[in-house]
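Contents: one structure, followed by commentary.
Each chain carries a letter (A, B, C, D and E) given by its place in the written order, and its residues are counted from 1.
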Amino acid sequence: MMTFRNTLALMAAVLCLLALVLPMGNVAGISLSLWDDTGLLFFALVLIAAATGIISGKLTGRAADILMLVLPHAGAWYLLARLDIADQDLQSGYWCLVMASWLAAWIFVDQLSAKKPKTLSLQRLYGVVVPVLFGVWLLLLWEILVRGFGVPTVLLPPPSMIGVRFAASTAILWADFQQTFLKAVLIGYALGCGSAFLTAILIDRVPFLQRGLLPIGNLVSALPIIGVAPIMVMWFGFDWQSKAAVVIIMTFFPMLVNTVAGLSISSQMEKDMMKTYAAGYWQSLIKLRLPSALPFIFNALKINSTLAMIGAIVAEFFGTPIVGMGFRISTEVGRMNVDMVWAEIAVAALAGTAFYGVMNVIERACTFWHPSFRNG
Amino acid sequence: ADTVNLQLKWVTQAQFAGYYVAADKGFYEAVDLDVNIKPGGPDIAPPQVIAGGGADVIVDWMPSALASREKGVPLVNIAQPFKTSGMMLTCRKETGITGPADFKGKTLGVWFFGNEYPFLSWMSKLDIPTNGGADGVSVLKQGFNVDPLLQKQADCVSTMTYNEYWQVIDAGVPEDELVVFKYEEQGVATLEDGLYVLEDNLKDPAFVDKMARFVSASMKGWEWARENPEEAALIVLENDGTGAQTEKHQVRMMGEINKLTAGSDGKLDPADYERTVATLLGGGSDPVITKQPEGAWSHAVVDMIK
Amino acid sequence: MSGKTGPVIVVVCAIIGIWYGSAVMLNTAFQKDIYARGNVEWTTSQLITDTLAQERPVLPAPHQVAAELYKTTVLTKVTSKRSLVYHAWITLSSTLMGFGIGSVLGILLAVGIVHNRSLDKSLMPWIISSQTIPILAIAPMIIVVLNAIGIQGLLPKAFISTYLSFFPVTVGMVKGLRSPETIHLDLMRTYNASNWDLFWKLRWPSSVPFLFTGMKVAIATSLVGAIVGELPTGAVEGLGARLLAGSYYGQTVQIWSALIAAALLAAVLVSLVGLANKVVLKRMGMAQ
Amino acid sequence: MATDKAVSPVVEIKNLSLSFETNDGPVHALSEIDLSIGRGDFVSFIGPSGCGKTTLLRAVADLEQPTGGSLLVNGVSAEEARLNRDYGYVFQAAALYPWRTIAGNIGLPLEIMGYPKAERQQRISKNMELVNLAGFEKKFPWQLSGGMQQRASIARALSFDPELLLMDEPFGALDEIVRDHLNEQLLRLWDKTNKTVLFVTHSIPEAVFLSSKIVVMSPRPGRIYDVIDCNLPRDRSLDIRESPEFLAIAHRVREGLREGHSYDD
Amino acid sequence: MATDKAVSPVVEIKNLSLSFETNDGPVHALSEIDLSIGRGDFVSFIGPSGCGKTTLLRAVADLEQPTGGSLLVNGVSAEEARLNRDYGYVFQAAALYPWRTIAGNIGLPLEIMGYPKAERQQRISKNMELVNLAGFEKKFPWQLSGGMQQRASIARALSFDPELLLMDEPFGALDEIVRDHLNEQLLRLWDKTNKTVLFVTHSIPEAVFLSSKIVVMSPRPGRIYDVIDCNLPRDRSLDIRESPEFLAIAHRVREGLREGHSYDD
């Protein structure tokens, strides 16, 4: 069977070969082929050679790493530069090269993921580099596709334009971030997860509620956000309090469901153990059932870290003071400043990912004993 | 028949009665058109829809259309069925507001999403900052309804003569407890519901012909609506997919809308246009548009109508 | 099942009680304004009855919502646009479609992540980031874009549901697929089991509890997605459109009845998933 | 050790039966069990696999509900006895909590029963020494060998010094030397503190060496086949295993076991 | 049974060492292990708890990676041997899948190795009979007693009839009668099919009775203390346990075990 890496290399080589014969695009009405552009031609030929080297097993180790790091990225950069020259009328050959350099970059990522770094810091570094590379490619492809196909910027601006806007609007972005993330999201998240956790315990503690409240809990907590948001604005005012309330409602249900499921996961023998000590409810909760519920609870905390962002932002559609990420997004869409919308989305994504990452680190520290971490 | 996709600015209501009437009464069919009316909503930006190819012609307010034009969506006004602006600011009397000078230190509800331009122009004309403080006004992004006024979270809210104002009344607040500021009367009126298309399309005579048929049939619809307001309201009601509108409200809205369309044969009056542009350019530190627009309107379509 | 009805009834009664209390409280201010305007003398009992019968209350009383629900479900033909059943059906269909696609996508992604190391390392952080994009905020743009490439109707709405619902499934499944005990994995290694067998005979069965908790969350978020997706389609039909229209015209009774209908729908969907969970675990011999 | 209690039996079982409902019809795990165990008795249970030894111990520990008959522990119901923390239980599998270190696992019952920290420390190290695990305090369960885990679970049950010990094959995974060592330790403990012990084992010599009474069980449905008194001196040493009394008792147990099996196949 | 293979050893271990990284520093589980096991050998491993028996078996099975030395199985690396499905493994814990019935668990390797359904059925019932579990096909693991679970796991390992058997205390939770029965069965199987068996046990008589070679290990770090040849006739019966040769070997094993322990404490 062919390895994943060789499959990638083969596909990249085939695409480069295709690019040799397919048209690239038009410059001033004249059709252009790969042979008319020494730079691109050189790139395609080197890539074919490298792919052959990889498949035949001759290109390995550090040489392969460096080549597969430099080659596709330099190529992509050059392809990007050619974008303007080609009159925006790009044809199949061009896209073949784009695909090929993407696959080549993937080979690099695959090689990197296969490494088992010795030191912890190196391991961390790889853990960052791989997803960042993936992101870089996402942006590259986005840039090339949007510009190559001439998508109107009011529909989807290219990342470069978003970046410029981002850099120019840091003050606004920071103010919005404070309003939405630091106030509404964090407070709502803490209260939502906290109250759901306590409810789960209450439900668990009182069998009557377990049978009575859980079905109702499902009902209330699944209230659609857009129905709830205006009501919250009505009840808690225009400022962040009403957004935090929406976040509470959004995060409540996942936490409740997961905690209840987690509390019931401990095995019969583990529970019997506690019974033999005549452990009280709270003792067996704290010493047995909560620790074994942790994997589930962290699941909810992670899912909620992203839901909370969404909740707070959307809630701002239904009335806010004129600051906040959701406010900005909805306003700037209406003003056709879609680049600003995406700059705001980038902030949301960065903040949300960081938030999730923090939860992940805490999870690792708390549930190191769970097989999902022990097994690698 | 040629198909025309029309993107409205807002949900199905009497504000768009002319188009629904024209469709319902067969005016479009008569000129060999198959018009597909797409209702809007709170988050639909018609310029975006037309840029994405989702519509051939859109209903939009001129400030938003001109701003979009600057952002690279080359919108051109081909017809202007609304002569007068229906926008106003409605305040509770008990707040002590009697004139624009009293706004300072107050909280005002404003619609954003491209509808804030007239308000911003007005404030800049009054020289009132919009970022709070004792000398400025606090601005709230107002939601879909007039709750902020009823709940006393805002001192004034934006209303349309034909819609939100009556919601305040319906909620039990008598007219004599309200103070209203019509943009028309404040001299900051901007043109509302006009028909816009993409500039490039106007180079195609077939498209211009199609639009000419569309505009003429639509204007017939508006005329019919002015003559038969109650039936027109019922036609709108029939087309409402949500089933949430009430007859009482739509009939009343039809009456108010007819006041705004009165005096327009569809042809944009360049003077109105100049007035709107002047208001927008006077936007102070954060002007809505930065320079005099070029070619933002065309009589090519209306001129073709015999 | 029978053991549940008693407690549920008690809890529901308690909630309705609190609801009536809050309704009186929240609606009082406005009612007093009305009395003041009309110079009406009022008693407490008068106040209470009036606050519970306002046309546009801040918080409608349960019986008002119930009456509206009854009117729009039982008294109205289901094919009529004024019937809540009709709107609920529209929403339900895109919810289910989104949930179905989302669950399958979520599972596939989890499988890819657990089995391919470069996917694990590069994809997972971006899946997380994807969820921090406020899809609901850009839903209108998405619908416009999808519309521009010719995708219309049920799919765009379902797409938003999918986007929201695949994530809980992926997160849960990744955890679940990695949850088998070391010794159970070792056993498979001794058989030199193929990845296929390892997956179907060990990883999949042991991930089932995680899958179902993920799906419970997913179906709820899928409903939210469907409702939100209904706004920018022109707010024409579906519970989302009802909510919006109600909201736009300040018809709180209508908002609340749509809200209750949506919540009931959610509860039914979640408990269906829960039921499926029970049945499957029982058939797998894991429910003791 | 209240003296008035000494006269009444610690465990009194009358006509006890217990069956499980399964997808496949009921399983009669225990039937017509009569047994009385006095204070200071060391009772071993021996019998073919699946004859209900674990089930019987679990019933005494109030972990299974009998479907018939009566069962008293320390003169009260099994549930009350459990709530009084009258016994320590060693499970057939180690059942250590994966998120706790070995020391943490052994200290668990002490935490629950509210012992002060210093005493906990001292008891943990004493018992870890007893089962030969000193030095593994900070390891996690999955880092220990099977036998070590089992020893940790024994240390855990002993840590809070219960009057009544229920031990389900505690030495199953241990080698002969450690087993002999622990056998002697257990015997000494029993002799010194006059504990009552219910002890499940598969080893006939172990049963004879440790017990004051041996209960031989037979399966399907689980019932008592024979109860053998085993009155060797309390302070016996390992050499006793060569003595003729010892061998005679062992022979009788083996016979009983064989008979029990013949019911079976 | 290819004849050319018969000459080369089935397991060849040279200077093998293995240590684990833990939060608490490295644990040297095995060190300087040299061992060669020929085709048809029955090798028992005996040693104090924690001395590395399980680790050694796991290394042979390619479930742990040695940190030093070399290890060949059937002349190829342990990994290749595993990929060839050269052995069957009985774990110290039963490791049955809770979502499969007993029959399903025993049939698991057969499914994976692609046996047709009819043959699977037949092998399942044959092996369930062998370990005395007939009638429990449809039960789930948690409905079985500890010993029954262990027998199910033995049946599972035997089901696909591997040439090489790695058994980690397979009879630990079984009573003497069943154990004797299974010992005899295993011996007969070994004799008949010329399988190679690596067998971990704590019972000296069991080791002597079954083995052609006994490896005595000592702990910390785990190493081989003694290798004892045990050339009793292959078709021995249980009576042999009274014979002087038997007792002599048992004595030597016991001495070795005791020595191993003295290293320890």
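Simple rule for what comes next: a residue touches a chain if its C-beta (ideal position, glycine included) is under 8 Å from a C-beta of that chain, and two chains touch if they have at least 3 such contacts.
What you are looking at is a predicted structure, and each value in this text was computed from that prediction instead of being measured.
The minimal number of chain-to-chain contact steps leading from subunit A to subunit E is 2.
The set of chains touching subunit A and also touching subunit C is given as B.
Between subunit C and subunit E, the least number of touching-chain steps is 1. Looking at B-C and A-D, the interface holding more C-beta pairs in contact is that of B-C. The chain with its C-alpha centre at the largest distance from the centre of subunit A is D. Averaged Cα coordinates give subunit D a centre that lies 28 Å from the centre of subunit E.
Subunit A and subunit D have Cα centroids separated by 54 Å.
Annotation: 84 Å between the Cα-based centres of subunit B and subunit E.
Note: centroid distance subunit A to subunit B, computed from Cα atoms, is 39 Å.
Across the assembly, subunit B contributes 42-43, 45, 48, 52, 143-145, 147, 151 as residues in contact with two or more other chains. The set of subunit A residues that touch two or more partner chains comprises 155, 230, 234, 268, 317-318, 330, 333, 338, 370, 374.
Listed for subunit D are residues 23, 93, 140, 142, each touching two or more other chains.
Here the chains touching each other pair up as A-B, A-C, A-D, B-C, C-E, D-E. Contacts from subunit B toward subunit A in the complex involve residues 42-43, 45, 47-48, 51-52, 64, 67-68, 71-73, 112-116, 130, 138-145, 147-148, 151, 153. By the touch criterion stated above, subunit D contacts subunit E in their complex at residues 20, 22-24, 27, 46-50, 53-54, 92-93, 132, 138-140, 143-148, 151, 169, 172-179, 202-204, 254, 257-258, 260-261, 264-265.
Within the complex formed with subunit C, the subunit B residues making contact are 11-12, 38-45, 48-49, 52-54, 143-147, 150-151, 167, 170-172, 174, 177, 240-246, 249.
Only residues 152-155, 230, 233-234, 237-238, 316-322, 327, 330-331, 333-338 of subunit A touch subunit B when the two sit together in their complex.
The touching residues of subunit A, counted against subunit D in their complex, run 269-270, 272-280, 283, 287-288, 291-292, 294, 367, 369-370, 374.
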